[in-house]
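In the part that follows, the structures are each spelled out as structure tokens.
First subunit A sits with subunit B, and in the next complex the same chain sits with subunit C.
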Partner chain A sequence: MSSKWLKIIILSILLIALTSSISGCAYKGVDKRSFVLGIGVDPPKDPGNKFRVTLKIAKPIPSLKSSTENEYAYLVHESESVAETIRFLETQDDKVMDFSQTKILALNEDLLHGDLFSLMDYFVRRGDLQLVLYVLVAKPSAEDVLRVQPPLESAGENTLYNYFDRTGTESPFVTTTFLFEFRRDYDTKGQSSVLPIVEANEEGTQFTVNHSIVLKNSVEPVVLTPTDTKLYNSLMREAAGYGYKIDNDGYKFTLAMDRVKMKYKIDVKNGEKPRAIISIKAVGVISESNKLLKLKELDHYSKLSGEQFSEQVKDLFIHLQEKNVDPFGFGLKYRATRLNTKDTLDNWKAIYPELEFDVKVDMQLKSVGAME
Partner chain B sequence: MTESKKPEMPPFMKLISEALPSSFDVLHVPLTLDDAHVHLLYMKTVVDGLTMQQSIIKPFYELDDEQKYGAYIQGLPNRLDPPQPDEILIMLTSGFVLVYADSTYSILEIRKLGNTLQGPTIAETTIHGPQLSLSEDLETNVSIVRQHYHQPNLYVETQQLNDKSNMSIALLYDEKEVNVDVLRRVKEKLDGLDEPLIQSAGELAVRLTSRRFTLFPTSIITERPDRIVYNLTGGKIILLVDNSPYAIVLPVIFFDFMVSMEENYHTYLISLYNTLLGWFGLLNCLLLPSMYVAFTAYSPEVLRTELTLTMAGSRIGVPYPSFMEVIIMLFFVELLTEASVRLPRSINAAATTVGGLILGTAATEASLASNVLIMIIAIVAISTFVIPMNELGFAVRIGRLFLILLTTLFGLVGLISGSLLLIIHLTNQDSFGEPYLRIGWRSKRSEKMVNSE
Partner chain C sequence: MSRFLYYLIFTSMMAIITTPVPRILLVQSADGAIGSMLIGTAAGMLFMYITVKFFIQFPGRDLIELLQAYTASWVRIPVTIYFAFIWFVAGAITLVMTVFLLITFLTPEMSIYTITLSILVTVFFGVLLKSKSVLFTLEIVFILMVPIGVIMFFKLYSSSELDWDQVSLSIMHINQMPKYSSLVATFFTFLGCSNLIIFNRYFKEKQKISILSLVAIGIFGVLMLVTSYFIPIGLSGFDQIDQFIFPWTSSADAVRMKFGIVERVVFIFMFLFVTIAFVSIIIHWHVSYKLILSIYRLKSLQVKQQNLTPFLVVLVFSIIGLWVTVQLTQYELYQYTKYYYYSLPIFVAVFFFTMLAIKRGASQ
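On to the complex of A and B.
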């Protein structure tokens, strides 16, 4: 046997022997990791610290059939920064903390005033935290929201994920915002980010997700009512099944929307007031009415609904304009469609408070929802 | 040797007969009637006695004249002029008869045919398509191919190996289709064979490849006449070996191994589906064990949370790291597969049941392997059998161990680079000059040489 073969054989024996001693490096068995499913950030109870961080850690499920409900462990600590807190919490866990499955980042409402970049920095920078995790605003506190154990939650399931990943509920009241989206919109000039507000009840058994909050650096947060949240979701996120009340000309309808699509452009002409021309196409059916409806009159009902719908939309736009936030991205659109000079942004800041909204709704009702 | 030499043996025949060993089956038969003398020299055990009686011995007594008999022998279709003495010796051992009549030597082929029975297909079974495989006799096999393929361009070249077995082999090819370079290379290889003993088609196929340590086979070994004909039309060379029910198909590319003959007997969509299943099986069986190692030990973030947690849960109490678990369970399955090949068919099922079902359940009960892994191993074991050609299956079984090793060391990156290395290895290989990963962009129709109208 030549020495070349001898070398190869010795090398392969060495390699195999080395593999059996693997324990450091990146090799870490799945049973030696503890998976963090959610991170909650609250203001500290002790004023000397800056943050109070809660980690929700899942226990592995040995058998789905025999376990009836999920079991979680919660680790809480307060300190100067998020990174420091998590480093401390790692000493309370015998296994390696794995953030790769973390999908929930709950932020306490009280933390949202002022600059959020220092808070976000750790989550965006850390490599194993995925940027597609869901960011939400927690009420009354992030810890309470993470500790909620809904009776409907079965083993191997996570209720909060179901809300946001659209595999479960597809309610138009729920806004889904990923971490990358949140940061991008927060940072982009001419756009504001929107986060869902998750409320836990006092018993810790239930969530309510129907508010949302508009955030922008240096501006006070604006809380949207459920109706506004719904409107925002159907216009920007194309949420379906959107129920909308009409009260016009003696008719009282509730519409179920199949499709809502919004297009807009910013029209700035010299000597005239700047205008945003918004055209909305909405397709749906009438699902409830106070009067007997005729199929022949469908166009009339569409017109009635369209008028009222455009008013509602306009009210929302004006409300947001007054608060100086821009979740619909009018400013971004303006910046994107104008020649970029160093004045573009300043121009927009001057234009936005005076912007007039010109809303046209093309409402297409497909049926009155019942046979004549 | 045992015969008395009353009518003295002609000198040349005497020379030959002395070179032959003194074995009980070497016969020298002198036929004498009046003045006519004829000598026969043959080996009893390889000559078909009945044919000899009918075509050689009986006419002698009927014709009653040495000259006429000589002419009769000259006219026989299986007659050859005697070649060199050492060649005659080999021919005698393979069923030829040396005849001395009318002062001329003739050599007649009166071979006792081997096992001419066509057995049912075992290694590659199909539901539709021919159910009979090749026989174990060379001539019968050539005739089977001829009967499947009625073309005047089908060339059959016979040859004998230079080893101790002196086995006859036949080289079949379609003269119009064959790649001349490849044909030349194959012939060179056959002439240059330097092996003391070759006994079967498989062995010959191995000896024909120049590289010793290659993972992937460079020729297909098949028992199916329809596959032979399918490959003949594609311009391939078929090597038939005497005493072996298998034929060697040369040259082959990787994609030839993924063709099941069943695909030709179904409609397009069904056969496409079957092909995809085959490829899916191949990938499964190659990648799944390493993927398990990669996902459990390096990158659980790839999986959904629920699956990660159940996987972590099912590994509770398993004392070994996941790659040990995988290697141990794979080893069990390999044993099981090998055992079921070796065992007689009647106890085969029992072994599989005991091994597969009971061992699997017991392994999880005893916390030696996780539930998820047992499922993966089962899928892998089944997938191995979906690969149409057995030989590729063997290659994949070894290839996946290599992938597991790399994945254990480097995680998903190791798996990806390991797969890359496999592809590089395949690209680097060739089968008799034909690039191994060549993609034959030809439609099935043109491959079968059917004119499209």
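On to the complex of A and C.
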């Protein structure tokens, strides 16, 4: 009897002692946190500083029924480093800043020249920032992009999230790059990273996301046109959708792709020019045409489209090769398919400018749409 | 083989993710890690086969009992103390690593004392359980965690962000000389069966070790090694993988479930592996505590029928654990853990020597 009571007493003392540790812990309620949704980095206005950081902070809404739109607060400061700026901005906010929900990292285009190490370091070193946040390049400035409030944005949602997470719009023009992906591709020898460019209009009411930019520490950034962005997205990110223009043999089609798959290998033989053998399988339908189409000639249309498509792809490869960037990872493929020696990288650096592209497209058009 | 033995082996294989093993392997990814993993796996499997085979001969008797029956006390006492130390350190490494993991990714503002204490309180009672209850705890945790683990692995391997070119790039570095530190780190993965030195007491029936069970254990071990090595490379890239302090957690953060309960898979990952780490600490410290008690019980701590020495031992464990966690820096943790792994061959030698001594004693 007595030992049972002793146990109960010891246990209760322990539990009471434990409750004191809970009160001292770092867990703060939601009402004492302000959630940072986006971080923007711009070049400074004052030349003595290095970065100008904008934080977009969500203002809590009481309920979805009573509010019609989101309200945000913006905090802006300039200083020597990103970390220092954010520490300073914490003094302008009465609540603890919570970066665990941050989904947008907007970088100004002017910051992208040269090595990005000092810019990106803070974001990957800080453990509580998500590595699945969306990195984007902002035009005209990161601050402007964060400040955009589209009229279509309803309470409780964020337009920029919808662009990139593929639950809202699924356009082949939108490149989605996560922070970890950006870092991986940027640091991998034989690959370059691609970031989407988000443009805000002058009134601050609308975004346009259809360009992208290729980055590598050793070379100048290369901006891809909307057509090239779309090609890149369908080949590398398996994005599909409308808008592939074909103009061949008097026909003008617009194709809608269901799926596009690319496989490639690097073929280096002695005495021959190094070649990249690329085979693409594309399945789609014709969604617009300048002439009446015959169902039985579908194979012919497939052939016409395939020819044109392979030309477009090849032009893109050559364009990127001339600029010495490699977003498709040919270099990585080369390194990944032969046993590593200490010359592998140097060999590749010599091969890439000479590489010839051998593009084979297997285009399968499944239908001409609802009418001939 | 009893299913509990599988749990012991599998848990220690899964628990390597919350030890510095993945980082030790990944730091040498361009420098012979794959070759070391192959040799380490073979050595580990051999060690496991010999150990299990040995304990099968003595059903229902643990090492303490065998040592007392068949060896002189000048062998018994140093060996027991050495094993107690080795097992305590193994638990402490997992503890420190888990705390560092939590403080970096989950609660950067929380005090290190609070985090460590909240782990130690659970571990304290876990260690004091009967050995049989520890095995049951292990079984419950294992069964609860397996579905989460399966989802997690499915998510990791099927994620479209996993770059298989990076993985194959790392395989292309197979033509390097194996390195000692990766080799012993791999070997550590397969040491789960050595917990038999205490738990063999509960395996009373005569058991058999079949080819099939060896193959199952081998496949599981290789799968865990492959996962802990190639997944971080595929997600975070080969060229800079050695820059990550927690390669696994940083890589798990790269996977997301668009329509899942939580978007960031890293939280499921943390839940899974912190739980496994808990059980792993409990098992290691339980073995260590049993070994210490087999040598010495303080008479002065006798209160009625209850001897309080077990409480004292585990309290000392916890205090040392807390002190070590607060004192160590990340660099020191990795460095000391490496030294610990370097010393594993000595452990194997002592282990086999003890087994030989027992066998000789038993045959006389």
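The criterion applied here is as follows: the second predicted complex is superposed on the first by the 344 of 372 C-alpha atoms of A that agree within 3 Å, B and C clash if a C-alpha of one lies under 4 Å from a C-alpha of the other, contacts with A are read in each partner's own complex, and residues count from 1 in each chain.
Note that in this section a residue touches a chain if its C-beta (ideal position, glycine included) is under 8 Å from a C-beta of that chain, and two chains touch if they have at least 3 such contacts.
Just so it is clear, the model here is predicted, and its values are computed rather than measured.
Enquirer: So, A:Lys7: does it touch subunit B (first), subunit C (second), both, or neither?
Expert: neither
Enquirer: For A:Lys252 in the superposed arrangement: first (subunit B), second (subunit C), both or neither?
Expert: In the superposition, A:Lys252 touches no partner, neither subunit B nor subunit C.
Enquirer: With the two structures laid over each other on chain A, which partner does A:Asp128 touch: subunit B (first), subunit C (second), both, or neither?
Expert: After superposing on A, A:Asp128 lies in contact with both subunit B and subunit C.
Enquirer: Report for A:Ala58: first if it touches subunit B alone, second if subunit C alone, otherwise both or neither.
Expert: In the superposition, A:Ala58 touches subunit B alone.
Enquirer: For A:Asp187 in the superposed arrangement: first (subunit B), second (subunit C), both or neither?
Expert: The second partner, subunit C, only.
Enquirer: For subunit A, what residues appear in both contact lists, the one with subunit B and the one with subunit C?
Expert: 26-27, 128, 130
Enquirer: Which residues of subunit B touch subunit A in their complex?
Expert: Checking each residue of subunit B against subunit A gives 295-301, 305-306, 308-316, 318, 321-324, 405, 408-409, 411.
Enquirer: Which residues of subunit A touch subunit B in the complex?
Expert: My answer: residues 15-16, 19-20, 22, 26-31, 33, 35, 37, 58, 60-64, 98, 100-101, 103, 128, 130, 156-158, 161.
Enquirer: Provide the residue numbers of subunit A that touch subunit C in the complex, in ascending order.
Expert: 3, 14, 18, 21, 24-27, 96, 127-128, 130-132, 165-167, 178, 180-181, 183-185, 187-189, 238, 329, 332-333, 335-341
Enquirer: Using the touch definition up top, name the residues of subunit C that touch subunit A in the complex.
Expert: 30, 104-111, 114, 117-118, 121, 160-161, 163, 165-166, 168-169, 172-175, 235-240, 246, 250-251, 253-256, 258, 263-264, 304, 306
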